[in-house]
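Below, chain A partners chain B and then partners chain C, in two separate complexes.
Right after this comes the complex of A and B.
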């Protein structure tokens, strides 16, 4: 009788499956610890001390945020409070948010908390994408705060008759079907003024997250119509 | 002829399995109906506006999908346990009670989705309306219910597996189902940090559908090959262990392809690209394995001089073979299309994902679970050789044709989005709508609706066949 080969032995394959699965799981858990540290939310202290975090603290809403090419990284990154010219944020330039740029850590965190809760309870993700995840029935919200349409010369801001983008966005969120931009409209979700303020804070905060250059070229192409 | 233990008469475990299959089939129908509503809204945006908005229809569409699959998965395990272990499932009374708890919870959740829809931005809405997190929207109270039901199911499986004959298939299922149930816990908390939120959210979604569910399918396919064509258990189970190694070896770290753009570090580009690029390999292996075993057993049968098919359940085996191919095509090919970060930078969050989602969920899971429903119909009716009927053939052709048609249409729509909205227009609000209003996008959405309707008609044939074929005199008894 021929000797049976280990390659046709079920025990061998069972053990291999166990070892490979265990190894992959341990590696994932180890990477999770590293990633968890890197994506933990920053603090007001970090922003004041010029410490760059992948997910900045809630008081980032006091600062001006831009999304520009970083030669060092080879893609666009969010710059908080200005660009230091060396591929990093300056953490200097403030920007008023509903008339103030001095939100305390507690105030900003409360707004972000309300906004994040709102983003879930209003089911944003089943029409929009957030960080690219969700449904595809409405535009991606990752960098919505920086969308040219909401800026001072933008069509959306003009339509709501408001003079700042946060007010324009909050107005739209409260009465979306009053401002139909396309045949496909956002429904009225019963969003209150306070909830709208929280949601806009959430959007502003999300735009400051370092998403490794997603979405590419965001807002860089202005005035193009139908690709022409 | 292949099997000698297909009868479901007298087994309480198998009776419970048929309950699970019945509710799964009802939810499958609901999934398609709400999918049709959402598809109509792409073509006619005013349809049910502010009555049953896209967000609600889509939430019901994908939740019904996940839940009917979980029901059919539980049902399949209750069906095969007595065959594999040689004993009646232990704790079956509790299993039956938990079934009704599960059904009642689902009905309440669906009614709240339909009639409450959204709530104020507070924790109460998260606890009692929905959590607003794609695929696992179920409110927090239902999360706990699901955990209790899943634990009861896993306990039954473990008690029966250890008391009876613990085959390779049962061993794989025991390990796999405990991971499947445990992973759900990763999706049961609230955080203000959306990057942390999505990090753990993918532990549930990805480690279910690209790891534990795939291994589950490998185990079910192994069971099907043994019972339907009489494939050799030792060969089938050796393949199963190889598949487990390949699926978990690629799928667990393949989760990295969801961590390219959510705030997570750059090293996930390399890890995600490498391991998710390997994910199609076990799917190729599974496809080859099914065809190889089929050819081998049929060849052995032919060599005896009696030319008779080794397949004792034609409709079920058809769905199993479609599973082997559909898993490779939908999860493997359509997944690989956009899994590399260089490509995914532009395809992430477009209809491309939707095209892949439709073909992968169908090819990898819907097919084999429908096959298991046919095995249950055969068993409960004491049929020796089950044949195709006109309805079963119409069901197979229309559902497969419909889903494939939707997938192609969504792929075209995805290309338009990638090229116009993303590459050309830089992903802004205006860019998004430029892409959506393009002629090719609009035509693709028309075709998706037509193909969705074809799929639904196919489902009606399937439901009719599952309900009536058991008594059809065409089968050998």
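Right after this comes the complex of A and C.
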């Protein structure tokens, strides 16, 4: 019997390539549907029933959001309405947003929609990064709501003369070139008060999205304690 | 060697992404093992034809 070489046989490589291509196609289609399910936005019911979603419903703007180290997951995790001490959110503690913590799902969704359109119209991504998309000319906005500089004892509230985080952010967004914050100062983009409110709601919602710890080491900046 | 599932929503892809070893074992299982099988089939066929 003559010695046969499978390695130089066309059919072996054709079948192997066919198997790998076919399997990869199935895996990628599965991955697409798996991802679509995981990034689907939650609802107000989920928040009320304490259901953890990767992307919480719009009414998350009624809740207090913190960013704390999770030993189990090895990175920081957004906690909505308090930490239950077992790695999950409590969905209890509310936080007033422009004086209210009772936004309905429709009101909150409308605010987020306005903020999303605003962020696209003003092209925030031209300088900033949102959820991994955009530029690093200006600070990453993914967790901007949780940035220590905007907290009650941070510098931004004093600088803008406001007593809450959302008002300070909205004031800054309307007159960014008035406040010296960064060597690369933000230009005045003609953002109205209503647009600013939407943009801050958009930022607050974005900070509540579980991004598996992205951006890494956010909140561990000197002077910040547990991102609070 | 194997890490516990820590992702927010446990899923097959979360498991696959836990570390390099899970991915390596998975890809070897689904790509290399079937190639052994294909190899043996083709070898048998070639030997029959020759």
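Following the convention adopted for this analysis, the second predicted complex is superposed on the first by the 193 of 228 C-alpha atoms of A that agree within 3 Å, B and C clash if a C-alpha of one lies under 4 Å from a C-alpha of the other, contacts with A are read in each partner's own complex, and residues count from 1 in each chain.
We take it that a contact is a pair of C-beta atoms (placed from the backbone, for glycine too) under 8 Å apart; a residue touches a chain by one contact, two chains touch by 3 or more.
Since this is a predicted model, take the numbers as computed values, not measurements.
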item: Partner chain(s) touched by A:184 [first = chain B, second = chain C, both, neither]; value: first
item: First, second, both or neither for A:16, with chain B first and chain C second; value: both
item: Chain B versus chain C as contact partner of A:44, first or second or both or neither; value: neither
item: Chain B versus chain C as contact partner of A:212, first or second or both or neither; value: both
item: Partner chain in contact with A:8 - chain B first, chain C second, else both or neither; value: first
item: Which superposed partner A:52 touches (first chain B, second chain C, both, neither); value: second
item: Touched partner set for A:167, first chain B, second chain C, both or neither; value: neither
item: First (chain B), second (chain C), both or neither touched by A:74; value: second
item: Superposed model, chain A: greater residue contact from chain B or chain C; value: B
item: Touching both chain C and chain B, counted on chain A across the two superposed complexes; value: 9, 16, 20, 31, 34-35, 38, 54, 210, 212
item: Chain B residues touching chain A - in the complex, by the definition given at the top; value: 38, 41-42, 45-46, 49-50, 53-56, 58-59, 117-123, 125-126, 129-134, 137, 168, 171, 190-199, 234, 237-238, 241-242, 244-245, 248-249, 252-253, 255, 258-269, 271, 345-346, 348-351, 353-354, 417, 420, 422-434, 436-438
item: Interface residues, chain C side, partner chain A - complex; value: 6-9, 11-13, 30-31, 34-35, 38-39, 42-43, 45-47, 50
item: Contact footprint of chain C on chain A as seen in their complex; value: 1-2, 4, 6, 9, 11-12, 15-16, 19-20, 23, 30-31, 34-35, 38, 52, 54, 72-74, 77, 210, 212
item: Chain A to chain B touching residues, read off their complex; value: 8-10, 13-14, 16-17, 20-21, 24-25, 27-28, 31-32, 34-36, 38-41, 54-55, 58, 109, 112-127, 129-140, 142-144, 147-149, 155-156, 177, 181-185, 187-190, 192, 195, 198-199, 202, 206, 209-221, 224-227
